[in-house]
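One structure, pasted below without further comment.
Labels A, B and C are assigned to the chains in the order they are written; within every chain, residues are numbered from 1.
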Amino acid sequence: MNVNFDIQGKQAEPSKPPKPVIKTKNLDFAYGDSQALFNISMDIFKKEVTAFIGPSGCGKSTLLRCFNRMNDLIDIAQIKSGSIRISDIDIYNKDVDVIELRKHVGMVFQKSNPFPKSIYENIAYGMRIQGVKNRSELDETVESSLRGAALWDEVKDRLNKSALGLSGGQQQRLCIARALAVKPKIILMDEPCSALDPVATAKVEELIHKLKKHYTIVVVTHNMQQAARVSDRTAFFYLGRLVEYETTEQIFMNPKNSKTEAYVSGRFG
Amino acid sequence: MKSDTNKQTTHLFSQRFSRNKVMELSITGILRFFTYLVIVLAGYLFLDITYNGSKAVFTKEAPFVNFQFLTEKPQTLHVFEPADIDTQLKSAKAEILTKSIKRRALSNSNYEAAEAFTLAIKDLNKEVKELDDLRKERRLMFSDTEYRALATTPSTKDFVYSTYAYSGGGIGPAIIGTILLVFGSILIALTLGVLCAVYLSEYSKPGKVLQSIRLSILNLSGVPSIVFGLFGFGLFVLYLDWGVSLMAGWFTLALMALPVIITASEESMRAIPKGFREGSLALGASKWTCIRTNVLPYAMPGILTSSIMGIARVAGETAPIMFTAAFALRDRLPWEGLENSTDFFFQGVMALPYHIYVVSSKIPQNEYTQNMQYGTAFVFLLIVGLFALSSIILRVKVRKKYDW
Amino acid sequence: MSTEDLQPKDTSPEFSKRRVVLFGKDTDSIIKGFFGCTATVAIVVLFLITLFLIKEGSGFVGQYQTSLKQYRLSGLEYVDILKERREDHTALMQYLSDIKAEWINLLKKEGLTQQAIFKKVMSPESKAVFLGYSRTSSDLRRFIKDKMDAAIEIRDQQITNDNLQETLNNYAKKITEVEDYSFKLSEEDRAEFILKLKEKVRAQSFDADKLETSKGLIEGLKSGVALDTKSREIYLSLLRDEFLATENRIQPVIFEKSILKVTNEQQRYFEILNTLEADMKAILLKSDSIELDNNNLESRMERFKELNALFFTSIPEHKTQIKEWDQNAAVPLSKSLSSFLTGKDWITASDQQDWYGILPLLCGSLIISFVALCIAVPLGVGAAIYTNQISSPLEQNLIKPYIEFISAVPSVVIGFFGVVVLGEAMRGLSQLEFLAWVPFFPIQERLNTLTAGCLLALMAIPTIYTLAEDAINNIPKHLKEASLAIGATPLQTTFRVIVPSALSGIISAIMLGFGRVIGETMVVLLCAGNRIKIPEFSDGLGVFFQPVHTMTGIIAQEMGEVVRGSVHYRALFMVGIVLFIASLIINVSAQYVVKKYNKMDS
């Protein structure tokens, strides 16, 4: 049962005109009194990899966490104005079920956070909380998710061992697999490789490449090369504002804004 | 880096004698002495109670455990001392006393005569010991039931008769009462405490109010137990008119344990890394699911260990149950002679700590009462000690297992 | 299986509709509400403790004021002023008999025979002094006793009246209740009704026909049902009879009048005092004729004379005090509170006046805590420093749980150990001959401040140890390394770097240890000796060998016997409030110490 993902280079631009899935309009966001995002408007397109770059504290994580309402956990966080629509539904509408939203929009964190359970249970967790009890169904999903995250071959013999015993890179891919298991359509990744060594980073990047075929991916990164390697589009943030948002090629080869140019060429940040 | 003692070389870094070093050694010595003093003193307490208490609880013969003591009700002890030996003993002791007074008078002036007295006293002491053994052999002791069942009581001509309250029988009802009290109060305190802690740490909005609630709860855990007893007595026993009852005891003890349990539970829940919660929520778990699957299971060991320690404290307390739940003496076991089922909750019980208080303050200390006193203290110490020990061991294990 | 399973299907997202379960709430908010309710219950109940304590205690002030008012109105206060001179005289008598006892002792030591001693001590001259002196006050004593009886009578009459008044009020309430047609007989009422009916029947005070019906009536009575008209009538008439009977028994006390029985004969009293003074002076003159033959004794005799002189000078002042005493002087509310907080006596269930002064208890608690901390602080902190800084890891792993385990030993077990072992051991030790040189040995009471203090120290040590060890352990490792790296010895590092930086933690540990000690009940109840008296600090170190009573001990000892709502009951709650506040202050300041120092560090 060999699966071959079609590894696409970013040169292979989709021929069809891209379709926006996340539409952010004039978003103002604040933590208590201090505003973190100013008037953000951007569209994120289906089955593309979008990279967020920018100096530390510029609001990348904040915006990312807005997309699946993880900011709800922070009491002082509030959207002051503007809207975010996913598949044409305003996700901050009262009617929206946050839980369903989060199943739809998965997230992978900067610091890998496997639960202190077995590898199998980590992956199955998302299914179990949805009430799936059927063992074969669970087995199937666990395997396909692990394969999807390119981890299957490494862990298939120790599925019942604790996930805390995996290496850092493996743990991160496990978290990606865990996110895949609930079958999201959008995956948000907040600096997924910041704690990893180059080899593990390469593996995760490769994985992002593969996943692009089926998922819309937003990835926050501090690593310019990484952004250049994996993303189709890149957004540059500065002090809570979206400075420039273009195709990756454009941003890196031909930035319009001088700040962007300075940042991507490593002259500041 | 071995220091070679054969060669008496002195180099730059060689050991040198100095006053500083002597100071250091002596301070270390003092600190070590303090530490071991504490250990020895507490150890003496443990040993004394264990040694004397095990005489009451264990037997030399087959089952090795004195079930009678552990299951029977406390009763009056009836003692018959053989009269003839008693008089002999008394006269011998009087003799010793007079001789020692005389010896003291002579000790300065006439050394030899004093020596003769010393020898005589030694002999007398030996005699007293023999007589004492004989007395122990021949004396008769009966608990109340046994005494009543006697066909003929020993004649008072041959025996000196005396009675000692509480000293016969066993401590069965007290053990049962303590167990009932402890488990009831724990059930109440753990449920309320954990639920409250879940709310405080997971649901409530942080702010001044929460902060002050947390602080007051923390401070309440330092309030003396007698104040809780006073409160329980005023509210449950008198105001709500529950009387001296299990219910009143449960709630008083539970309230006392509540601050400890809330604080400990909250702490262990907050020690769970944020990633566990975020990870689970990001996968579409509801808040409650997240708490149920990713917070409580990992916090539980911590909650339990601290709670067991709280429980050991609660079980060891006397003051709060003195006037809320404990009777000095009660013949019936809690489930005997109930008219309807609610009566169970509104009856007073005997409890080990209160029983210890009663037998150590209300009856004299002598060889007949000692068994009951030490036996109760030993059993109680054992029960509470097991709780505490399991909590300490559990904590060490938990720390090793859940190290994130 | 294929990865196609994994691929999200392009259907419209499901998050567009919120799930609603009950009353427009989803499951999560319901669960949240549930937790919120429990938390509220728990917290409210915990706060209830404070409220309840204050509620029960606050009544004390008013009730105690009433009691103090009665004390004044009934003249008991007046009698107490009279009693002062008597007490002084008793003290002087005691002093004299002490001199006598010492004299006899001295004579014994000199090797005199029993008879010779008797001859000397009982010689006519000395007899005249020693016996004569104690006889001087017999008139005074008789006089005071009479006055006291009179005052107590007035007070008791007043108390009886109060009780009767209460009964009367109850009857009045009952009558209005029964007059209402919906009144239902309770089980208690029914029993009472029947009892009274039977009494009446026995007394033949009913009409003949009523008498006949009464039997049927009794059978017809049922609790929980409305009364029929006839029974109601009978019941009401019974109640009204009782009401009148009770009303007749009240004989109001007119204090202004009845007080005269106490305050009359002032002139006679002054005469008694004058004769007393004259008699005493005459005897003192005789005292010179006794041959004490000992410098020490003679100087004591001199001192005795001085004391007598003091006694004489105080008499005029005493007289004016008596003349000026005013029955109608007001007793302000603050007096009741201040006499609780600064009162030197705690006397309950006496036939005269009950006093509720917290000072003896507070002193007892404090002095015991002081002893306990003096022992526990060096041991606890020393052990903490030793285990954390000096001992080997193996020792550490054994000692820490061991000391922690001590904290679980129930206090009643420690108290028991104190009664059975430590108290006995202390007495045995103090009676050893070769220790007789130690002052205050042999001790009078085996259960005293020191016994209780030692045992409480054992309870405080684990608390202090654990917290202090934690504080030391929390000092960052780099501090220690830095100090070692510049050539300090480990011990220097410990005492100059580690302990100072952990000082705030250690201080707060000590304070919490203090909190534990002052709130401890069973040990002090069993081992402190339970004598309600301010310790005599004039005894120097001997103060530690006196029995005392404590705040916690008094609650434990007396709570079981009080009547709900009585002054005594409320006084115990006031003691509880004092304890509560003390523990709060200790806790809060312990936290404050930690917080403040932590701020300074960072």
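Convention: a contact is a pair of C-beta atoms (placed from the backbone, for glycine too) under 8 Å apart; a residue touches a chain by one contact, two chains touch by 3 or more.
All figures in this text were calculated on a predicted structure; none of them were measured in a lab.
Central chain assignment: B. Criterion: smallest distance from chain C-alpha mean to the mean of all protein C-alpha atoms. Looking at B-C alongside A-B, one finds more C-beta pairs in contact between the chains of B-C. Across the assembly, the mean Cα position most removed from that of chain B is the one of A. If you average the CA atoms of chain A and of chain C, the two centres end up 68 Å from each other. If each chain is reduced to the centroid of its CA atoms, chain B and chain C end up 26 Å from each other. Inter-chain spacing, taken between the CA centroids of chain A and chain B, is 58 Å. Looking at chain B, one finds that residues 286 touch two or more other chains. Those residues of chain A in touch with two or more other chains are numbered 99-100, 103.
Across the assembly, chain C contributes no residue in contact with two or more other chains. Contact residues of chain B toward chain A in the complex are 205-206, 273, 275-286, 289, 293-294, 298, 402, 404. Taken together, the chain A residues at the contact with chain B in this complex read 68, 70, 73, 75, 99-100, 102-103, 106-107, 109, 111, 113-116, 125-126, 128-130, 164, 175, 178-179, 181-182. Of all the residues in chain B, the ones that touch chain C in their complex are 20, 24, 27-28, 30-32, 34-35, 37-39, 41-42, 45, 48-49, 192-193, 195-196, 198-200, 202-204, 213, 215-220, 222-231, 233-235, 238, 255, 258-259, 262, 286-288, 309, 312-313, 315-319, 322-323, 353-354, 356-357, 360-361, 365, 370, 373-374, 377, 380-381, 384-385, 387-389, 392, 396. Contacts from chain C toward chain B in the complex involve residues 27-28, 31-32, 34-36, 38-39, 41-43, 45-49, 52-53, 56, 378-380, 382-383, 385-387, 390-391, 399, 401-417, 419-421, 458, 461, 465, 489, 491, 495, 512, 515, 518-522, 525-526, 552, 555-556, 559-560, 564, 572-573, 576, 579-580, 583-584, 586-588, 591.
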